[in-house]
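Notes for the one structure printed next.
By written order: A, B, C and D. Residues from 1 in each chain.
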Amino acid sequence: MSFLEIKDIRKKIGNVEILKGINIDLEKGGFLVLVGPSGCGKSTLLNAIAGLLPPSSGDIVIDGQVVTDLHPSKRDIAMVFQSYALYPNMTVEENIAFALEMRGVDKAAREAAVKQVAKTLQIEHLLKRRPSQLSGGQRQRVAMGRALVRQPRVFLFDEPLSNLDAKLRVEVRAEIKALHQNTHATIVYVTHDQIEAMTLATKIVVLKEGTVQQVGTPSEIYNRPANLFVADFMGSPAMNMLKGRVVSSGGAQAIALFGNENVKVAMPPSVTKSLADGKEIILGLRPEAITDTGLLDPQVRSVAQIVADVSMVEPTGSDTFVTGKLDGASFTARTRADVHVSVGQKFPFAFNLDKAVVFDPETTGRID
Amino acid sequence: MNIRMISKFAAGAAIIALTAGAAKAQESVEVLHWWTSGGEAAALNVLKENLQKEGVAWKDMPVAGGAGSAAMTALRARVTAGDPPTAVQLLGFDLRDWAEMGVAANLDDLAAKEGWDKVIPAALQDFSKYDGHWIAAPVNIHSTNWLWINKAALDKAGLQPPTNIDEFIAMLDKFKEQGITPIAHGGVPWQDGTMWEAVVLSIGGPDFYKKAVLDLDPEALSGDTMKKVFDTMSKIRTYFDPNFSGREWNLSTAMVIEGKAGAQEMGDWSKGEWLRANKKPGTDFVCIRFPGTQGSVLFNADQFMMFDVGDDQRDAQLKMASAVEDPGFQIAFNTVKGSVPARTDVSDEKFDDCGKKGMKDLAEAASKGTMMGSLAHGYAQPAAIKEAMLDVITQHLNGQLTTDAALKRLPEAVAAAK
Amino acid sequence: MTTIEPVPVVEPQRQGRTFADGLRNALPKIVLAPSFAVILVFVYGFILWTVYLSFTTSRILPVYKWGGFDAYFRLWSQPNWYVAMQNLAIFGVLYIGICIALGLFIAILMDQRIRAEGVLRPIFLYPMALSFVVTGTAWKWFLNPGLGLENTMHHLGWESFRFDWLVNPKMAIYTVVIAGVWQASGFVMAMFLAGLRGIDGEIVKAAQIDGASNVAIYRRIIIPLLRPVFLSAFIVLAHMAIKSYDLVIALTGGGPGNATELPSTFMYSYTFTRNQMNVGSASAVMMLMGITAIIVPYLYSELREKKQ
Amino acid sequence: MSAANETISAGSARTARYFIYAALIILAVVYLLPLYVMLTTSLKPLDEIRGGDMLALPREPSIAAWVRAWGEACIGVSCVGIKGYFWNSIKMVVPAVIISTLLGALNGYVLTKWRFPGHKIVFGMMLFACFIPFQAVLIPMARLLGLMGLSNSTTGLVMVHVIYGLGFTTLFFRNYYEAFPDELVKAAMIDGAGFFRIFWRILLPSSGPIIVVTIIYQFTNIWNDFLFGVSFAGGEASPMTVALNNLVSSSTGVKEYNVDMAAAVFAALPTLFVYIVAGRYFVRGLMAGAVKG
C-alpha cells in the first residue's frame, strides 16, 4: 500500500479552482517531485499536504491515516521553505530544537538530537549563531536540519534551492540526493526547475493549471512525455516539435515533414497503431536525437538523414548545438563538440527515430 | 527584549490598576470647586478645617480653568455616571438646570431647623431653592460692580474717587499720563461681561438693567442707551495694555497691587488678593462702586449645591451644609474671600471697610429692589443666553464687531439661544 | 470447492475534528473579538448615541425627548459655528501644508549624512512629547507682546518690532498655526526620514548615472517615491487638525473674542458650558461627517490596494 | 537611501554642507525655544522673571522653585506639591500602555496571520476609531463607567485609555506584521507551536521596533491627556496634567511663574525622557511599517 496518498484534492479560492482533482500515490521512501510552471498549483498542493491550507475537498492519507483535518503539527511532517523561514530571534541551535521543544522533548534529548543533525549537515560550528549571521547556503542547511531532527514521516520541500546561486545549487542538490539515499526518507519536493526534478525524483508529477499532466519516473517523463506540454516543459533545450503528415510509403507508414512530400521519415517505433493517411501529427525529437551522422549510435534501428541549412551554431564546450532550417521550420540538433559546421552551409542531420514520439495536435496527447 | 520580565511587569501593573481607586473613607464629603486661586483656596480651607473638627473628612476635587468650564465637564461626567460629588460649587441658573434633572438633595429639614428662610435674602433664595425646596447652601454674596483703585496712583493724580463715567474716564486719562496702564483688564469673556454689565448699570440705571439684561427687551438691547454702552466699552478698551488678552483676573489685580496699573473693574473677590498681599483698604487701595452704579448691587453668590448621594453620605452632607451656614464660618470665610455673608444676620464687626460697605450696600439694595443678578456670573440668564450675549460683548470689545453690528447682533443672539 | 474470500477493503482510519480542533480554529477570532466588541460599543455605539442626542432637546444632561432638526437649525444659525468652520479651513490648510513642507525639508536636510543626527532628531521630535497643558504657559508668554518675543526684541534695541498676533483678532488664528506646526512638524519629519531611508539606493545611483542633478533627483525621483508617506502624513495631520483642542484652549481660549474658535472648541463649549447639549451633539455629528469624508475613501483605497 | 551628492564638485559640496548645517542649527534653536523658556524660567527667582527678559539666562539659578513645585505648591486646598499626582499618572499610564500595546499586538497578529473573511472590514472599523473626537464620547463613557462601577477610579481611566488607544496600536502592529514572513508562521505551525506560542515565541521577540513606536505613542498620548483625566479621575486620583492645570491656575496674588514652569517641567520629564532615549528607534520603527499607514 502507498505511504502517501493524495485523493482527489480540489481547492477553490474565490471563484478560481486552483486544484482540479489531484490523485497521486507515493510509496514509502519515495522522492516525489511536483514540477510545473508558476501558477500550476504545486505550492498549493504542498501546503494542502502540510495542512497549512485546507483543501476544499478530497483527502490526504499518510501511512493509512487520514490527516486531512489534522493540524499541521499532528501530521508528523517537516517542511523546508523557500525562504528557509528560520526564526530570526533564535540561534541555529534553538531553531533546530524548537520543534522538539514544542513536543515536550526534554532538554538533554534535544541537545543530543541537535548535535546529531548538526554533525550530519556539518553545521556544528554554526550552532550558536543567529540566522542573520549565516550565508545563504548555511541557512539552507539549518532549514534542512530543522526538518531532519524531527525524523518525520514525510519531508516537504518548497523550492528550497531557488534562493541559492547556480554553483551552490548543484552542490546542495547533490547533498539532498545523498541524504535521501542514506535516510530513505519519504519526500515531497516542489520545484519549477526540471533539472532538479530529473536529478532528484523517483517519481515526478507534472502539473499545469491545477491538473496532473503526467506521473512517472524521470526517464518515463523524459522519454515518453504524455503530451505536448510535458514534452515542452521537461528538458533543455526543449524537445523539437516538427509538424508532419502521415503518408504511405512502400506499404509502410511514414511521415512527411516540413510540409514537404519529399522529406519523409519512417513512422517511429513508439507508434504501434496504424494511422490514417493524411493525418496531421507532430513529431517530437529531443535535440540529442538529432545529431551529426558520425555520432550516431550504431544500434539504432531507424534513422533518417536530412540535409538542411545551418542557421545557428552554439558551442557549449561539451557539445555543440546546431540549429537547422528547412522549408521555414527550424530544429535544434546536439552534435559533437568538434563538428565542422558553419552558418549558411548545408549539413546532413541524422534523425534518430527510435527516440521519437508522436503527438496528436488536436488532443495534444501522445500517440502510441 | 526580555519577555519574561514584561509579563511579570504586566501582571504587576494589572494588580496596581485593580487595587487603585478602591478604598473610600466612611464619613467624608467630596467637594467639586474651582477655587484654586490663592485667596479662594485659603478661604475654603476654613470650611475644610471646621468639618474635620466634626470628624468629616474633606475630599478635595479642584478643577481649575476657564471659569469653571472644566469643572462643569467633570460634573457632567460624574452625574452621568450616577456617582455625583457630595457638594458642588455652582452659580445661579446652573443650579436650576441641575435641579431640573432631579439630581439635587433636599435640605428642607436642615433649613427649617436652622431658619434659613429668615436670614437669607429672598433674591438669593430664588436660586438656592428649586420648586420650593432647599437644594443648596449659599456661601456668600459677591457683587460685581466694584472698582478697585491703587491709592498711590489716585493720590498722585490728585483726584477723588470718580462717581460717574465721565469722571472715571478723566481718571483713566490721568493714569495714562503717569505712564501706568490705566485700567487692568483680562480679555476673557466673563471678565468682558463683568465690565459690560457694570457699564450698562452705570449708563442706563437699574431700570434699564432690568429691562435689557433681566427681561431681554429687544428694544432695550438695541436702542440708543445700549449704543452708548457699547461706545463707552470701546472707549475703555483704549485704556487697556496690549497684553490683556486671555489674562486671568488675579493677574490683573496683581498689576494694580504692584502699581503697574491704576484700577480694575472686578467683583469683590478681587479684595482677597489685596489682603493676601497684606494691603489695607483705604491706605493702599480704594474700593468703590463702579462709577454711576452707587445704590445698586449686581450680585453673584457662590453656593454649594448638594447632590443626591444616597443615605450613607447624607449625614456628612448635612453636616457640611450646616457648617456652611454657620455664622462663624460665614464671617471667617467672607473676610478672607472679600465677599459678604449670605446671611443677613451676621455682624459686620470683623469686616474691613470694604466689607462693611459691601454689607451696607447689599442691605440697601435689597430693600430698594436694586439687588439684581449678574449676567456674567449666571444670575441673570441661563447659560445658553448668557454665553450668547457674552459672545457679542467680547467680539465687540475685541473689535471684531462694530457697535452697530453689535446692536443688531445682540437681540438676534438672545433670540437664537432661547 | 473453494470460495473466493472478498479482499477486505481497509478503510483508512479517519481522525475527526475534535472540540479542541474547533476551539483552535476559532481562537484567533476569540482573541480579536473583545477588542472589536469594545470598539463597536465605545466608538460606534457612542456615535449613534450622539446622533440620536442631536435630535433631542437635551440641554444640561442627555434627555431623550425628540426635538427633530431643531439643533441643526440652531447650529447653522450660529455665527460662531461659521467662524469655527472658517477657522478650521484656515488652520487646517496652513497647518497641514506647513507641517508637510517643513517636515520634508528638515528630513531632506537630516538625510545628508549629518554628523549630529542623534542630537538633532530628538530636538525636532520632542514637541510631540509635550502636551499644550504643559507648554501652553511658555507659548503664551512667548507670543505675548508685553512679555515675549516683542519684548525681547525691544530689549535688544529693535524698538519698532511688532508681534502682537496673539491679541489681534485678525491674526490670532495664525499663532495657533505656529504652535501647532511647532508641535507636529517634527513627527512629520520622522515619517519622511523613515520614508527616505526606505528608498532603494540603487534607484538613486541609476539616476545619478543618468546625469540627474541632486535637485532633480529629489524632485523627480525621491519625492514622488514618498507618495505613501505624504498620504500617511496627511491623514495623521488632518485628524489632528480636526481634533485640535488643547492647543487652542492653552493659547487663546478661543479668543480674542471668538477669533480662534474651532469646531472642537465649539462642540465642547456648547455641550459642557453653554448647556445646549443637542447643539453640541449636532456639531459633533458634523465633525464626524467631515472626518468620515476624509478617512473612509483613504481606508477604502488602502485596504483595496493591498488585495492581490 | 542617503545623500545623493557624491558627484558634485568639492567646493560647491562644501558650501552646500555649510548651508545644511546652518539651516539645521537655526531650526533646532527655534524648536528648542519653548523648552528653553520653561527651563530657564523655572531656575530664576521671581524678581528676575518679572524684571527681565524672557530669553535671558538666569543670573542666580536656583532650584527652589523645583522643590516647591514637587513638594509644597498648593493645588486646591492642599499644599503638598505635585509629587502625588506624578505617581497617579504613572499608575495610570503603565498599565494602560502595557494592556493596549499587548492587545494591539494580538489584534495585528490575528489580522495578518489568521485572516478570516471580513478581516478588512474589521480592521477598517477599528482604524476609524482613531479619529473619533474625544469630546463626543465623554458623556456616554461616563454613563457606562458608572454602570460598571468604575466611575472616578484609576481602573476606569485605564480602561478608557486602553479602548481609545486600541485603534492606533492595532494599526501599528498590523502594518508591521503585514511585512512579517508568513512562512515563519507556517514553519512554527508545523513545528507544533500553537496560536499563542507562535505569537509569544516567534512574532513578539521580533517586534522590537514597533513595540518601541507603540509604547512611545501610547505613553505620550496617555500621559498628556487632560480631558479624560479631568472627567473620569476625581480629586486626589487626578493625573499630572489635571494637577498642573490647577497649579498654574492657583496663585497667591503674585503668580509664581518659576513654580509653574518647574511643575510643567516635571510633567514633561517622563515623555521627554522616553522620546530622547527611544527616539532613534522611533524612526526605525516608523520605517518598519507604521509609515505605510
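Methods note: contacts are C-beta pairs under 8 Å (C-beta built on N, C-alpha and C of every residue); 3 or more make two chains touch, one makes a residue touch a chain.
Computed from a prediction, not measured in an experiment: that's the story for all the values here.
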Report summary line: Relative to chain B, largest Cα-centroid distance belongs to chain A
Report task. Considering only C-beta pairs in contact, identify the chain pair with the most of them. Result -> C-D
Query - Euclidean distance of C-alpha centroids - chain B vs chain C, Å - result: 38
Report summary line: Distance in whole angstrom between the CA centres of chain A and chain B is 91
Report summary line: In whole angstrom, the CA-centroid distance of chain A from chain D equals 57
Report task. Please list all residues of chain A that touch 2 or more other chains. Result -> 71
Query raised in the report: Got the chain D residues that touch at least 2 other chains?
Result: 138-139, 141, 205, 227, 245, 248
Query raised in the report: Do you know which chain B residues sit against two or more other chains?
Result: 73, 76, 80
Report summary line: One finds touching chains in the pairs A-C, A-D, B-C, B-D, C-D
Requested in this report: Give every residue of chain C touching chain A within the complex, in rising order.
Outcome: 10, 12-17, 21, 24
Report summary line: Seen from chain D, its contact residues with chain C in the complex are 1-8, 17, 20-21, 23-24, 27-28, 31-35, 37-38, 41, 53-55, 103, 106-107, 110-111, 114, 116, 120, 122-141, 144, 163-164, 166-167, 170, 178, 194-195, 220, 223-227, 241, 244-245, 248, 257, 260-261, 264, 267-268, 271-272, 274-276, 279-280, 282-284, 286-287, 290-293
Requested in this report: Using the touch rule from the top, collect the residues of chain C that touch chain D in their complex.
Outcome: 24, 27-29, 31-32, 35-36, 38-47, 49-50, 61-62, 106, 109-114, 118, 120-131, 133-135, 137-139, 141-142, 147-148, 151-152, 155, 182, 186, 190-191, 193-201, 203-204, 207-208, 214, 217-218, 222, 228-229, 231-232, 235-236, 239, 242-243, 245-246, 264, 267-268, 271, 277, 281, 284, 287-288, 291-292, 295-296, 299-300, 302-303, 306-307
Requested in this report: Using the touch definition up top, name the residues of chain C that touch chain B in the complex.
Outcome: 59-62, 74, 77-80, 140, 144-147, 164, 166-167, 169, 172, 249, 252-253, 255-259, 268-269, 272-276
Query raised in the report: Any idea which chain A residues touch chain D in the complex?
Result: 47, 50-52, 71-73, 77-79, 81-83, 85, 87-89, 98-99, 102-103, 146
